[in-house]
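For reference, the structure discussed in these notes is given below.
Note that the chains take the letters A, B, C and D in the order they are written out, and that residue 1 is the start of every chain.
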């Protein structure tokens, strides 16, 4: 095991890694920017090193500063957390060249799964379902029709150069496809000066379901079941839960097997997440691999009883996982709510500042991961995550009850937070029934204003 | 299920019951004294009623005030928590006469187990081991010798009128018994003007191990395994854990069966605890029954996954338990540390006051039950419990690691607390090995000062 | 924030010598400021005195602390009755003169009708609780001009 | 909030000697403020834990305000060297005059020797870091009299 490890991150995930290291008996070195100089969690570090001014690109993202800190502090390993340098193959490569263990996959594996085209090729090669579509650009109406008939309706036309919904058309039959083809071309031409389109299967009302994997460096790859992260706003996850209300053991086994096959093909090690879209009929499609610990990892920790961050460090230190797929059991139901320093009444504008009053929830079934406390300053320079409120109870209904009472207990004053949004979400009949899709939050906000 | 329930307590247990009610969808009425007027948890109540001034006997212990509050608030049930009116058979009787459900055993059961002599008779009658001793007072040296030979050495002589160690002698053989008999008589005469003595088996280096029971009103009585509460100071529990390092499944089954037999004979319902002394050879002796929810109930909640306070309320509402002994499984290891507002450097003198700075621990495996927060006032009128820090991990070693890092994270400024004592306890090699007895804490404090 | 919590908040402010409290939770916001020259809680920085112009309500005349006027608070939890029975006259009305032994109300607790006496001599100025309503310990029941 | 409740609120405020009440809920907002000339001074103890955490990290203390004297802080994390090699003379000593382009030390980061320049003209008063020791970003390295 490592004697000394550097934590190249900040906020709640830096604290999470600190906790894992302290429990493993590893000395910690935590880097910080000038904006985080007074962060309370730094008190828990064995050593702290200021690596730069507030902007992330000059501190937490600055490879030479981080590596230099690792060298002067004489650490054996660096844990990057999530964000910042976590999925940076170059950084992992520099660590290797400096003889420092990067707690994560190899640079090659990061690069392989980080390139979305390559990742999809890997998935296709191992037989994992990917969203079917045209191999390249669609040159003509006839080609569009042929492809659509092959993969089946509904399909979506997307501008090759596009984004933001422009040059995009959904078609449910030949007729709407032909109309859509010409309309989308014209729109794409107008918006991007490039009329080329491609076409793929349109997944209606999908859920976002991801599989957590753990792979040691001895060749053992296991999956720890899924997390359902369907509640999102502008592709930012708000709520995550396990098990998914839409996944049964058979589907879990199939998705798990697909995730493991992809990881194996990418020579993936350490903790990782394979993201899928799940459609209402139970078909799932590979989206991408996240080559890092996820924000929402506590959901999986709760239902499996495993400590994922400790596992990451053990794996990086060369230890075998020490258990098998059959040992992984999903117990009870866990839900996480991300509490962000954002104002739901002002279109989720960031709301940094000093926390004047802070009463965290507690009691049975509640876990809170936060670097915040009464008197803490939430700086404006970084992401707005203030706290992750996790509940774990025997079943989904009890978990929701616990979440609701925990949300009501939670007092944060001085900054605006997404707590009121969560109170609405956890009282919504569609969520209670488990009948949501990735568009749910935006429809809810749209229907009654934000 | 009840529509509306009154919580006749304060502090962390009032908050604990509030949480249970909110999760069960029960409206709450919380009484408070003038000293607790500003307690933050009152904000979570459906209604609050001031029942008197600060002193407990004029507020939380004042039966007419509590009942009157229950009547004006029109509740169906009262939860007494622990302490105050929790084991008061008269209060339970008044509740019954007012047609209010008392969340606890019947007045008759409270009275039966509350009388220590009757409780021992019940235990003896069902064949549960009780500490053997003289049936009554010991009249002579000869009677002392005969009794001691019958029950076996070591024995302890105690002044019948006594207390505080005076008139008390431990004897390991006939010789020391004869000497002790005369010395103890003289001491008892001098101290209490009553020289009469009784004699019982002296349990050396005992552990305090208690069995949690749950009994519904349909006749089902189950045990939920043990809690080891051996770490005490002046008979005040400091640390509780489950499972006990000294209890194996076979012993657990025997102690559980004894506890159930006693409860059954006492017609006991609701949650309760049967306390035993466990000696180093594995023999256990009945001590007493606690006819209430215990401070340390979260330890059992963690390892069984059950919610004991919700169970209490369900039972009082007439619901059946709905599971059987075989469904109760002990998973992982849980430890609770009681954080009191006491100064370990000043002989544990109470340390009330305003909490200036408060950073609670969190993250994986940590549960915190507390009514405290930054800015909260700890009044001097009540017991000094500020927070219950609970950890739950896969095994005892991991649980201790988590406890140690959680204790280091925990910041409470403005009042003195027992956190430094816990840091010493959880680093002590004897505790780590699980080799302690009820005298351990006082020896530790004595050997290095407090 | 209901009426009762507001009362609690104000009693708290009086005892704590607070000038201003601002509460904001779940999209709701409450600020209460007392007339007082002493320091306000740190961090409670709301709009200062300049905000006075925006007051939507005509200012009521200031009521300086009136010497010799006391609040009579409930000595117990129970139901407040102004008269011995529904047909009877109230024990006291605004303007009634009372002696220490004068019964001014009844509080029913546990089916017992407890007569409550004025404990001071003076004049009832105002009745603050409603007949037949529950009252808690310490709740103001009357304003009395003493002496 | 209707007029009746408003009247009740104002009477309540008069009775409690409140200056201002402001309520805002579900898009509605109410503020009631009574006449008061005195501003609420800042500071003082309140229910809020406004006190900031004491800095857990020994921050590089700001230089006392001596006019014309500046602390030169490390522009990067690394190892501080006062000379180009172990045999060489230090780049600067206390008393050395420096120009903006004068190299005053080397900081080694990732095996690269980074020459650090004074960036100001002046005189070195004190060397605050030790040769061969690690320094963090922003750590004071020299005191310089500028100008």
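Just so it is clear, a residue touches a chain if its C-beta (ideal position, glycine included) is under 8 Å from a C-beta of that chain, and two chains touch if they have at least 3 such contacts.
Not measured: the values here are computed from a predicted model.
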Farthest chain (mean CA position) relative to subunit A: C
By number of C-beta contact pairs, the top two chains: C-D
Chain centre separation in whole Å, for subunit C relative to subunit A (CA means): 54
Length of the line joining the C-alpha centres of subunit B and subunit C, rounded to whole Å: 41
Whole-Å gap between the CA centroids of subunit A and subunit D: 34
Cα-centroid distance, subunit B relative to subunit D, in whole angstrom: 50
Residues within subunit B bordering two or more other chains: 38, 357-359, 373-375
Sites on subunit D at which at least two other chains make contact: 46-51, 53
Residues of subunit B that touch subunit C when the two form their complex: 34, 37-38, 42-43, 47-53, 59, 64-65, 67-69, 71-73, 98
Interfacial residue positions of subunit D with respect to subunit C in the complex: 6, 10, 12-26, 29-48, 50-51
Subunit D - residues contacting subunit A, complex: 48-53, 55-57, 59, 76-79, 109-110, 112, 134-139
Complex contact set, residues of subunit A against subunit B: 15-16, 19, 22-25, 40, 44, 298, 301, 305, 307, 331-332, 357-360, 362-370, 373-375, 394, 398, 401-402, 404-405, 408-409, 411
